[in-house]
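Two complexes follow with subunit A in common, the first pairing it with subunit B and the second with subunit C.
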Partner chain A sequence: MLFRQAGILHTNYAQDRALFPIPADRWMIGGLLLLAAAAPFYMSTLYLSSYMLPWLVWTAAALGLNLILGWAGQFHLGYAAVMGIGAYAAVHAQRNGVPWEIAIVLAGLTAAVIGSVFAFAALRVKGLYLALSTLALQFVMDWTISHVPAISGGTQATLQAPDIRILGQAVTSDAGLYYVALVWCVLVTTFMLNLRRTALGRALVAVREKDYAAAVIGVNSFYFKLVAFATSSFIAGVGGAILIGTFYHAVTPEQFSVDVSIQALAMVIVGGLGSIIGSYFGAGFILLMPGVMNAFISWLTTQFGFSLGIETLAHLPHALYGALIIGFLLIEPLGLGKIYGNIRDYLLVWPFGYVKK
Partner chain B sequence: MKLRSIIGGLALMLTSSMAAHAADPVKFALCYDLSKAYTFVTPQVAQAAKDYADILNAKGGLEGHPIEVIVQDHGNEPQRGIECYERLKREGVMVFDMLSTPVSRAVLPRVMKDGNILMQSLAGRGDAVDGDVFKWVFPIGPTYWGQAANDVGYIKQQSKGSLKGVKIAFVYVDYPFGQEPIGIMKTLAQKEGFDLQLFPYPLPGNDQASAWTQVRRFNPDWIISWSLSNMHVIASREMKRNGISLEKYIGVNWFNEVDIKNIGADAAKGMKRGTNVAGGSTQPLVQEIIKELYDKGKGNGDRKHLEDVYYNTGLAIWSIGFEGARLAIKKDGWPLTPQKLKDGLESIKGFDANGLMAPVTVTASDHGGGGKTRIEMWDGAKWVPQTDWIASFPEEVWSVVKEQSAAYAKSDANK
Partner chain C sequence: MDILLLLESSLNGALVGLMYSLVAMGIVLIYKSSSVPNLAQGAMVMLAGYVILAFSNQLGLPLWVAIPLGIVTMFIIGVGIERVALRRLAGRPIIMILMMTLGIEIFLRAGSMTIWGGTSRPLPLGISDAPLFLGPLLINRAYAVGAGVAVAMFVLLVLFFRTRIGVVLRAISDDYTAAWSVGISVERGVALSWAISAVVATIAAVLWGSVQGVDQSLALLLLKGVTVAVLGGLDSIGGALLAGILLGIVEGLASIVLDPLLGGASRELVDAAMLILTIMLRPHGLFGRHDIERV
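The block that comes next holds the complex of A and B.
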């Protein structure tokens, strides 16, 4: 009923290959975009700057990881390190007088180059071995940053990031920073949506399913793996630069440590491999749920008037959060994106549940 | 209709202003890592803050205003620390403590921009003691540079005033926390003419074997160790294995009674630590807390934490914080602003919380409060002070601080 399909007839190829053939999807996306664009007008600055903004930046980053993990099927345990390369590149470029618009492109390119150099070595191995090689990238980056003062900025290992300047105009307000993140996230999402229907996207999927089989049908798997690494590293690099510019305002090695890599991986897996809406859900879940759980439990304690120790109060949300992840993955191993897909499939034919989907 | 709304508005104003006079609390935010890396210290510190707040509130609070301590977990994740800061800042909190180096670093740009107070004793940037540059940051207590210098000062006392030819090993965990004192150690080695060698070991510090066999070959007179909690336990085991006397060992302040218990109270005899607070529960302030709260079953946590030096560390941090706020209200009156709080903290003079810690004098340019520490030795049952509260080589320490803070000031101006 909601997604009424009756009367949708494609009379040319362009229509048939549209991103959203069903009008309801288009309406929803349009509505969400409007809501997102108007967020600074109805949302408190707290929600805007501490929840929406990091969520959007991390969603874009998760999409980049999803490209390599979900589309090309290559493990990547050093994703945060690649983001870090971009972040440091952008901050150093800006401090040397490069305009921000060019600095973030430089950040992406630096990350793409270093990420691909590692990919060359890593792509000779597969599966778990690849996972370990990318983990090595993470540790090499950690070590390099903390042992080369020219990169990290001395013993304090903190570099203050210059303000974002767009066409010479400093962006410092919460709303302005939010729009930077929103535009970036929309750009990456659009790219990923379109990737699905390009030759590159199909080649990546072929490589993911079986690289020998892909080679047999004439897809150069090594080349496409390399392209996947470079593209995802580019997105990661720009994402890292934007994360620093809009949210942290200072860059330190811990912001891109191995824990963060694991978190990014969790975003993609909980959200759903190869699912775009899943990346939104996954990033939101992994990033915001601990805080929400925290607030929920402290609300419960005040509401029902029982007092918990400081430590119990801190650990309980983690336990619940872990249980939620396990629960979701038990219900639907393909992640939150697939749960959404199931609901949508159900509504597509509702109320005629017996119709074959 | 109009009349009614005016009356309503007046009534609202009246009640709110009355409430303000009666019991507007002074809020302090403890955004701590209670679930990940810093759990060896945060529960004790938070417990101490709550206990001391209860004691002061029972006596009428800070010049009539009760203290409200807000504790929230950030799991050592910068983005959650920022969330905690952003949320509580909007709820009227003006004093924050993150007690985590990564999170303090992440919050610092916001604190400096907004003009709120960041207490960051023993965590975060050491050069923030330079109050001329870091106007809003109060890392009261020693910096790691100051602590290392004080350790060297103690060794100098022990070597009858001359360090010529003395061999000092600096053993540290190889990440920014451990690397921080290297610069000052090298400077002092050059100035005082002692023989310094560095022995890093990798995170997470469970394997220090290679570092300690090298230490044995070096055969130092003293060992200064920058390690965290259990790393001291591993170090003591490696020292035994390599036949190095434990009496040469001087640990950083992150070395507590739990670690001693894990080494074994008898086996640990002779080990030393630098500290800016007196350990143990015999201090008058701790005794008062025991009498008023724990004996009546009103404590804010486990009683066994009272024996832990980190509890005293927490008391030290927050007695200073509360004292600063009290002075602020006394001097400039209610309602508080960050500027008033800053002035209050900067007017703390010779405050030692009844002998609990090294006397602290905060000024507008020294936000560290003097950076005094002392060396204590474990005698098998308790910590015995080996020195007075000392601050050695202040010029060298401040030159490191100034160098670093100048670099920050430069990068901040470049924005």
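The block that comes next holds the complex of A and C.
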């Protein structure tokens, strides 16, 4: 099969520690990258700008949350608020004439600084209490964003986001915006893939497993928690700025409410804690699910000739979304990434299944 | 500032706060027995409101029949949630458990709106709108009734924890391994605590439904409930009662002092600030046990 491991003999450490030690993985990644890069040429604009683009942007965001949740093991219920900080920072910077390239870095830095406030909660408490305090911070941020006119432009206001300009060139075409999202997503993915192989990544995992055990072997858990929150907030901030720049084109406080935080959490949980490919699956699943459900329900209604009220139709996908989270936690707590891993493990030794026991 | 106005608003705030503590009690009951922070308590209140309305409006039963029926239904639903969703997660990381209760929250909230629709509908208890006069102070009659029921509920729970089953629950919350080893069925105890907390949620639903109608906003009581529960100490029912009064008074005063300064809607901010301050300064709350894990 594709994944055959036989005959792959690493003769030095560098080969063994390569990002993708198995050639099949390299070929697949290369193929997928080519497909992704060529997407504007074979995909209709509808698919490109309303499915592919948000999927990539949200995948990058989910990866950032996965850094906190899956790697460092710290609960974060205020992720959307951090994304919102980045989005508002970028929009305000751009409106004041800062070039886009600098504006998104500013967005990331602002988010990292404010997001580290969440880290101070994490330095003090953990587990449930951390979850609750991040939830409370989400409410505080929401409130601040919507009630300080200097940030939101007044309550109920919508701020128009200026066009993305790269080196002075305005990016307005669907393909251009798609490439912005693609490059960002690939960057974040590369960073996360390499995180596994660095001292930072291993330290984070040590902190996740048991923080005082990490302290015993000389890992400063305070420092690494702070780094984890700052890094993930940076990703969130830039992600929020890119989400606004490429997809929404305008920013309102509701785009980053507590429900969005829970949605991001659901992406990570459904995808799999600490799984990179899982974040892709999870983001795609959570984003596509409502649309697919709506189509499925309307298909059912025409097929069986019954009709549902408007309110029922509006809330049913949401209920199914809740049911899906429950189902995943019960059946496969490590999510879609784990399912993919199982299939891959099976194929690695196929047809000699008895090799792995 | 008018001292009478402040007094009046803090008195009404205290009564509202006692009604918050009804929601908090449900969270505390579950946390005590199984260390599960139930973020679905708000959604359970909302579901209970819809269930009672279904009995009274769709089946045409009088309210005094519908409410006990609602209590029985919610008892079964509470046991069901524990049996189906939470029991299999025992011993898993807290992230999974929290996410599960969030999933249940979404499911119950959206599910009840799928079945019954999201428009707000009244749940009239027949409490008159005329205010009570306590000297020069005006008191909202619905809040006064709600506060009375909350205190009654607290007394009932205290009495319940003195019965045989109550002692079993206390043993489980003290140390469930030890409880297990002396032959107590921990699973049944935890299921029972979910059921009781669903019943408390039903009572909260009746009171809050009569005040603000039955709709999605009942689920938003979660933030208040969590704040009160944490402030009082997550494993102390009496703490929930006192913390409810405290939060209510602070909210009442804040809405007078802060609203003109901040342009309204300061209640949510006050809740969140109280929650953060409690967690930062005193994670085990006012009356909770001190063994809560600090970093």
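In this section, the second predicted complex is superposed on the first by the 319 of 357 C-alpha atoms of A that agree within 3 Å, B and C clash if a C-alpha of one lies under 4 Å from a C-alpha of the other, contacts with A are read in each partner's own complex, and residues count from 1 in each chain.
Definition applied: a residue touches a chain if its C-beta (ideal position, glycine included) is under 8 Å from a C-beta of that chain, and two chains touch if they have at least 3 such contacts.
Note that this is a predicted model, so its numbers are computed, not measured.
Using the contact criterion defined above for the overlaid structures, shared-chain residue A:318 touches subunit B and also reaches subunit C. In the superposition on chain A, A:250 contacts subunit B only, with no contact to subunit C. By the touch criterion defined above, A:309 lies against subunit B and subunit C together after alignment on the C-alpha atoms of chain A.
In the superposed pair of complexes, A:104 makes contact with neither subunit B nor subunit C. With both structures placed on the common chain, the touch criterion links A:80 to neither subunit B nor subunit C.
By the document's definition of touching, neither partner reaches A:286: not subunit B, not subunit C. Using the contact criterion defined above for the overlaid structures, shared-chain residue A:265 touches subunit C, although it does not reach subunit B.
Of the two partner chains placed around the shared chain by superposition, neither subunit B nor subunit C is touched by A:145. Judged by the touch definition given at the top, the superposed model places A:329 against subunit C, while subunit B stays out of reach. Common to the subunit B-facing and subunit C-facing surfaces of subunit A are residues 155, 309, 311, 314-315, 318. Those residues of subunit B lying in contact with subunit A across their complex are 34-35, 39, 43, 46-47, 50, 71-73, 75, 77-80, 82-83, 86-87, 90, 101-102, 105-106, 108-110, 113, 125-127, 175-176, 179-180, 182-183, 300-302, 404, 407-408, 411-412, 414-415. The touching residues of subunit A, counted against subunit B in their complex, run 44-46, 49-51, 54, 95, 146, 153-163, 247-250, 252-255, 259, 287, 290-291, 294, 309-311, 313-315, 317-318. Only residues 37, 85, 88-89, 92, 94-96, 98-100, 102-111, 113-115, 117-119, 223, 226-227, 230, 262-263, 265, 268-269, 271-273, 275-276, 279-280, 283, 292-295 of subunit C touch subunit A when the two sit together in their complex. Interface residues of subunit A, counted against subunit C in their complex, comprise 69, 73, 75, 121-129, 131-133, 135-137, 139-140, 143, 147, 155, 211, 221, 262, 265-266, 269, 273, 309, 311-312, 314-316, 318-319, 321-326, 329-330, 333.
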